[in-house]
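Two complexes follow with chain A in common, the first pairing it with chain B and the second with chain C.
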Partner chain A sequence: MITGLYRAGNSRLHRAGAGRKLLALILGGTLLLAISSLPLAALGLLIALALYGLAGFGPRVLWTQLRPIVFVLAVLFLAQLWLATPAEAVLVVLRFAALVLAAGLVTLTTRTSDLVAAIERGLSPLSRFGLDVAKVSLAISLAIRFIPAIGQIAGEVREAQLARGRRPSPLTLVVPVIVRLLKMADEITDAIDARS
Partner chain B sequence: MAGPDGRAVISCTGVRLDRGERTVLSDLDLTLSERRIGVIGANGSGKSSFARLLNGLLLPSRGNVTVDGLDTRKDAKGVRRKVGFLFQNPDNQIVYPTVGEDLAFGLKGRKLPKAEIAARVEATLQRFSLDGFGDRLVHELSGGERQMVALAGVMILDPDWLVLDEPTTLLDRRNTRRIMAAIEALDQNVILVTHDLRLLESFDRVVVFEAGRVIADAAPAEAIPAYLRLVE
Partner chain C sequence: MSTRDIVLVALFAALMAALGAFPPLMIPAIAVPITAQSMGPMLAGGILGAKRGALSMLLFVALVGVGLPLLSGGRGGLGVFAGPTAGFIFGWIAAAAVTGFLVERFWRGLNFVTAFLAATVGGIVVLYGIGIPWISFVGGVPLATAAAGSAAFIPGDLIKAGLAAAAIVMVKRAYPMIRPAHGRP
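Coming up: the complex of A and B.
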């Protein structure tokens, strides 16, 4: 998860190559989605939890990763409970939690620049077909960098509306946030040009 | 062409800038070579557009802007290597999540070896009193720290000129002093766009804009009172 972002450390996971970690994430994620066994999915979650310990992260970091998705997990669970069986509801939640934790661990133990470089290397064969790999990697860096900024803008707009006596709703937030984001995007483009 | 001390000279010749149907700047003929130049003017007077003309972020509708003989219209990339630009809001200038990665951004674009990039990042962190900030997340820093990171991100590229567009507007007095001390210590020529007139008292030259034209261009002791007469 992007909320994770890199936390400096010297564990084996921190030292492992970004490309290897990404590959392991892709393979592990595919495996998790392919299996339909409840014990194996639970094992997947346990492995993800154990890896947090191996990387030197405690329950607080773990909760930081899980907190944003608790609501989504609850909705998923209830939807599956309604549409399928209790066992499938638990399976979906286990899979999703394990995947999010594993992805979070990759960003927590890997510098963004290393992550982006690994993606760039992975995509480089596609440059033969006209893909501008450098632009793709810059876009990924920008997405990671500006997600906290977007949250901050949404918070500011919400506070401004509250201060003026309006109760913010998703509908009244969307337009001012988008307008500010577009303005911000203009300035970021200028800044990238200025530093190129 | 370079100036007498070998530094780059910025020249604006017959410059006019239109944005849509509005003329933002007109009749601009300036040669900039002093080490410390201030730019002042009321909101909407054209001073920020002027700053953006100097490194090719904006191109003149008429006339030419040249830096050390390079025309911003013909060689924007070459010009940007010579003219660094610091924006008012560091949040819109810092493009990587951590400080060290962001400082490396411009250097990577120049295809420098990894070891050299790492060494220059470390040296720049120390130079701007950011020791130990390499792995810090940008969004967790204070406004003053972010502006210092943005400044370091520009200066790591070692430009001949630094253009700053109201870099202290969002800062408190203490952080303004920190940023200004860092700017004063630079060897580079500096062009500072600001509303804070006190910052310009020791400058070599101050250019005053009003409605897209230069209405005063002199030493601070002469130019600042001319501006005050205009706005008060």
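Coming up: the complex of A and C.
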């Protein structure tokens, strides 16, 4: 089973409902993006940092959240310095740091299963317009189950090719894996239909 | 949506995750890592068609959003959507839809050239057409600057469009999934 990015803990943030956290994130993020104010962005970043402390996360966790965007932020910062004012350059960096940290915090403190449940609850009003929420849930749980299986299938195909003395290339690996997936889809479909 | 459609959508979302686990290729001449993952939308659209392909990408984006580390490099979670390059992630949904739409149009006489055209228009033109304005808008930089910063990835994406096109044609021959509507040329 694939493990999510959730980090166990018992803080108030960990215990808060997934729906509430998502709503707070959407409201906070919209506010941060809608108002171009340096003090507000700085305040947003401070609040995000304080919440990491509240959730019991240290600098190392903070860094894992920021590391993937550091390069893009550096480029944006330099572009803003060049094209606009230093204040704008700082604003862009502060804003993204705050947004990415806040969004990452929801992920760190909320179990994947709770977020999936929140999505399903959020979608349920759409059932009036013909959306079948049970099918959405089925698709989500199937995909989570299939992820480790595909790695396994790719490994088997690679081994079979090596045994036949063929060097696997991206193409000779991808095509047999996909064809096996498509055949598997029929068997899985029959199994699901037989059970329901 | 039949049960089979749902299974296919879930399988291709999972395939997208598996592509993210591939180690990125470094091509010295362009100094940009090439990840297998951006082949996913081209494959999903080109093999499943527009609707199921786009839904599989939507499902994949949702799985990333609920906190699974499925993007190449093990990234995931809501923080990814808040970053300046999030348009390239949401854009996968449209990329699969357009690739799928074009492959459906070209279905009868599908060959490498038409499949490559579909993968390039969907997986590169449409994807960058969403990703670049997104950076420009949220990052507050001019379009040209955002485009210049993204251009380095285009050569790698063209190679992936070629691989995806070859795979789309081969899979069509082995196991065709798209059924053209009756009476359409």
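Everything below uses one rule, namely that the second predicted complex is superposed on the first by the 127 of 196 C-alpha atoms of A that agree within 3 Å, B and C clash if a C-alpha of one lies under 4 Å from a C-alpha of the other, contacts with A are read in each partner's own complex, and residues count from 1 in each chain.
We adopt the following convention: a contact is a pair of C-beta atoms (placed from the backbone, for glycine too) under 8 Å apart; a residue touches a chain by one contact, two chains touch by 3 or more.
These figures come from a predicted structure and were not determined experimentally.
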With the two structures laid over each other on chain A, which partner does A:Val75 touch: chain B (first), chain C (second), both, or neither?
second
Looking at chain A, does chain B or chain C touch a larger number of its residues?
C
So, does A:Val174 touch the first partner chain B, the second partner chain C, both, or neither?
second
Based on the superposed arrangement, let me know which partner A:Ala194 touches: chain B (first), chain C (second), both, or neither?
first
Thinking of the overlay built on chain A, is A:Ile140 touched by chain B (first), by chain C (second), by both, or by neither?
second
For A:Met184, select first, second, both or neither according to whether it touches chain B, chain C, the two together, or no partner.
both
A:Ala149 in the overlay: touching chain B, chain C, both, or neither? Say first, second, both or neither.
both
First (chain B), second (chain C), both or neither touched by A:Leu5
both
Scan A:Leu51 for contacts with chain B and chain C and give back first, second, both or neither.
neither
By the touch definition above, which chain A residues appear in both interfaces, chain B in one complex and chain C in the other?
5-6, 111-112, 138, 142, 144, 149, 184, 188, 192-193, 196
With touch defined as at the start, can you tell me which chain B residues reach chain A in the complex?
52, 55-57, 76-77, 80, 84-85, 87, 89, 91-98, 101, 104-106, 109, 135, 137-139, 153-154, 157
Can you tell me which positions in chain A touch chain C when the two form their complex?
2, 4-6, 25, 29, 33, 65, 68-69, 72-73, 75-76, 79-80, 83-84, 88, 92, 96, 99-104, 106-108, 110-112, 115-116, 119, 132, 135, 138-140, 142-144, 146-147, 149-151, 154, 170-171, 174-175, 177-179, 181-186, 188-189, 192-193, 196
Which residues, counting only chain A, touch chain B once they are in their complex?
5-6, 8, 111-113, 138, 141-142, 144-145, 148-149, 152, 184, 187-188, 190-196
Going by the contact rule at the top, pick out the chain C residues touching chain A in the complex.
1-4, 6-15, 17-18, 21, 36, 39, 43, 47, 55, 59-60, 62-63, 65-70, 73, 75-85, 135, 138-142, 145, 149, 163, 166-167, 170-171, 174-175, 177
